[in-house]
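First the structure, then my questions, so here it is.
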Amino acid sequence: MHSKASAVNLQLSLNARRQRHLRGFVFGSILAGVILLVGMQSGSFEQSAGILADVILQKVHQQTLSQEQYLQWYVFSELRAPRMVMAMFVGALLAMSGCAMQGLVRNPLADPGLIGISGGAAAAAATALALINHFPELEAGGQYLIAFSAFIGALLAVWIVLIVARTPAGMAISSLILAGVAVNALAGTHIGAISYMANDDALRQITYWTMGSLGGVTWSKVLFVGALSVPIIALYMHLRQPLNLFALGENEAQCMGLEVNKYKRFILWLVAFSVALATALCGIIGFVGLVVPHIARTLFGADHKYLMPACGLLGAILMLAADTASRALFPPLEIPIGIVTSAVGAPFFLYLLAKQKRGGAIA
Amino acid sequence: MYKYLSFILFLTTTFIHAPVQADVSARAGDKGAAQSMRIIASGGSITEVIYALGKEQYLVATDSTSLYPAEAAALPKLGYFRQLSTEGILGFAPTHLFGAQATGPETLATQLESAGIKVHIFTEQRDLSGLQQMISEMGQLLDTPNKAQALNTQIEQQVAKLKYEARIRSQDSREKQGAITALFVMSDSDRGLTVAGGNTVPQSLFDDAGIINAAKDLPDYKVMDNESILAANPDIIFVASHRAKEPDALARLCQHPALKATNAGRNCVISTMESSSALGLSPRYPDALKRIIQKTAAFYAPELAHAQ
Amino acid sequence: MLELEKIALYHGETPLLNGLDITLKVGEFATVIGENGCGKSTLLRCIAGLHSHYSGRVALNDRELSGWNTKTLATQRAFVNQHNQVQFAFLTEEVLQLGRMNQKETLAQSTELICQVAEQLSIGHLFGRDVRTLSGGERQRVFIAKALVQLLPNANTAKYEGAFEGKLLLLDEPTSALDFRFQKAMMDVIKSYCQQGLSVMCVSHDMNLVLPYANQVILLANGRCLAQGQVCEVINEQNLQLCFGVTPTLIPQANSVPFITH
């Protein structure tokens, strides 16, 4: 009888929590919508919802547009809209990867970059850029070559890290991180060598690539990323329970029925794949994987059942806001989005470190 | 919790919603002057040539490197030419974009063309004939082929005259010495000197002036190691002006470990060259050439040695 | 239901324990006693399937460890570590809920079961608290509760007396952080589960607390099993002297389990 009452209480509190989180998701979605609306109208090119609405109406009625209206529509549909959708996908991917990474290594300061992804991507992209510069015949497919190289480079780096960190007894997280540091250092050396031998042009391009930008986003790129994001996000959702178990410790997780080694590898590769995808198409965008899971944890708790989708949503919102800021802060200049996320993320990270140092637990 | 968050986010987003900074007249003038060009110029040389051809009234905005002439520096700036913003450009409602080869990012040209802007990217040139080609092309695009031709002829004649003078004087003094060696310094740091090697505009200037580039075996602009500089033993040093702004910059450079023991360093024979005309091809090429010839005159006629 | 045959445990290259033959029956409570570093915890971890550096045969319900599916094994045996760390702000009930992850149940059913166990271990008032903020003893009770929750049969199966037959609970110093009241309460709860068929192997330094509950005692010393059997057979001055290297004083008690003191 006694336990019946408290069982009911427990159920009630669990349901109440679920309701609260669902309300949070709804709020987040609305917020995303608001930022989308604001972002649509921000930037060097003057645009407002009213003008756009007129243009859309005219299009619906199959009427021809004036030059000015055509430009309005062009800026919205070919420049801003694809960027913002891409921002949402990339933000969700990066944030969920960060969440998975932190859950796997049981450290709230972990970031997917730990396992060498960004280093590998940058090294490969730099190589591709230098090659294109040297062999103008490659210029035509340049973009694809760079993106493809970055993708392969990221995965290659992770592969090396996994090999180095593997021992017969399994893979200790600490050796993983150390191997990641080593691979990042190697990548840095490679980039240094390429930078030294490159001419002015290539050097600049390499620099810009590493800053991360949504400048050249087209609908085909968005569709590509979107199509891949759907299964990836589904997989992250599947990982919610395993990540909860990882939080208790690998031995505990194994004892409770999780195939730890299998899931460890799976999570690492999924993180590698998603971040490689985002990096290949948009360059290096840092701190999203680190900062978003933190904020999400303070708002939604540590249970990955809610935390993971929250990270996806918050990541999308953050990148939307960052994209809007990158276009709207100093028109007609466009600040590379990697710089915006770092400018916000780095101080936040320092604040987190300080908080941890003072003895408080982090999220 | 949500209240605070939403309030902060709301503040940030309203702040960020900055209206356009684009040229107001752009909006107003759109309907009326539909026939005239509105040109975006990307690259200092491009801008200069437009001014030289007298078509500057069509320029609406340039990149950040377009600083010559002074009026160009006053035009709205779009950022560095390798990383321009499509949206930023479209905000000026242009009709044309004329850009140097490295104008970027890669998607810029396609995006602008899809928006109805005519884009013309000029191939990068490093010598006089390349300059003339660029001027002719520009003349065609701006519908002023005669002026372009005239400009080209003028430049050609000036350069030919200077080259002739240079050749004569070097022939005269051939018994005294071989050709002189010069070094063009782009920037200096404690790590080394970045110099202009082969296939650069300074190389072309040196060739026309009949002097040897100490760094001719280096590709483009590179750091030359101190030993190679000493081995080449330049007689005179030219420095890009944007790197030698302080009063004692030149004297300090003569003390640089790589230069101290060279002919140039020991006698501190060092001059500045205006960066935009010495590093990029422009109609001021003859002026740059003239300056180089002037500064090296002392070697050929010691009795006419100039002070710096 | 648990058989260990000719077990030799290794720690890297060094042999730790040798020649172990242990059998545990349904409903039996075994305690493992030995000095620090003799391999008690390693033995537990080996049985749990966490330590693979061993030779010999470990069979749970007549099936070798390697032949068990991970998920099914998790419903049959649970392991409670001595120290339990959580890195993120999980709540007590969230930790307990994880114990039911391998069961197909409704939320109502699983919360019912969780609350039953929480009631027994007096941790109901800790719901809603961040596990990291609990005291050592509170956290220990939560994790023992989680292990019990893990072993509870599916809510949809009919309840009967032998619901825990064939299930194994491995405990590593379960009472080390508990206060005087909860030490006894904890042991009573565990023993009550033994009466429903649960087999328990418990490592403990607190001999006086655990021995009254034990059916079987295993004394480990010098890399091998010194003695094993019932309490009255194993616990005597000579064995304890050999095991710990000090002569104990045994004071006879009413329940025929001697009180051990220095």
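Letters A, B and C mark the chains as written, and numbering starts fresh at 1 in each.
Definition applied: a residue touches a chain if its C-beta (ideal position, glycine included) is under 8 Å from a C-beta of that chain, and two chains touch if they have at least 3 such contacts.
Everything numeric here is computed off the predicted structure, so don't read it as measured data.
Distance from subunit B peaks, on a Cα-centroid basis, for C. Of all chain pairs, the one linked by the largest number of contacting C-beta pairs is A-B.
Central chain (C-alpha centroid nearest the global protein C-alpha centroid): A.
Averaged C-alpha coordinates give centres for subunit B and subunit C that are 79 Å from one another.
With centres defined as mean CA coordinates, subunit B is found 39 Å away from subunit A. Taking each chain's centre as the average of its CA atoms, subunit A and subunit C sit 43 Å apart.
Subunit C meets subunit A in the complex at residues 45, 48-50, 52, 70-71, 73-75, 77-79, 81, 84-91, 93-95, 98-99, 101-102, 107-108, 111-112, 114-116, 118-119, 124, 127-128, 132, 150. Per the touch definition, subunit A reaches subunit B in the complex via residues 24, 27, 31, 34-35, 38, 41-46, 67-68, 70-71, 74-75, 78-80, 142-143, 199-201, 204-205, 208, 213, 215-216, 218, 299, 321, 324-325, 327-329, 331-334, 336. By the touch rule above, subunit B contacts subunit A in their complex via residues 1-2, 5-6, 9-10, 12-14, 16-22, 27, 30, 61, 76, 78-79, 82-83, 85-93, 102, 104-108, 111, 114-116, 219-221.
Residue ranges on subunit A touching subunit C, taken from their complex, read 2-4, 6-7, 9-11, 13-14, 103, 106-108, 169, 241, 244-245, 247-249, 251-252, 254-259, 297, 301-303, 361, 363.
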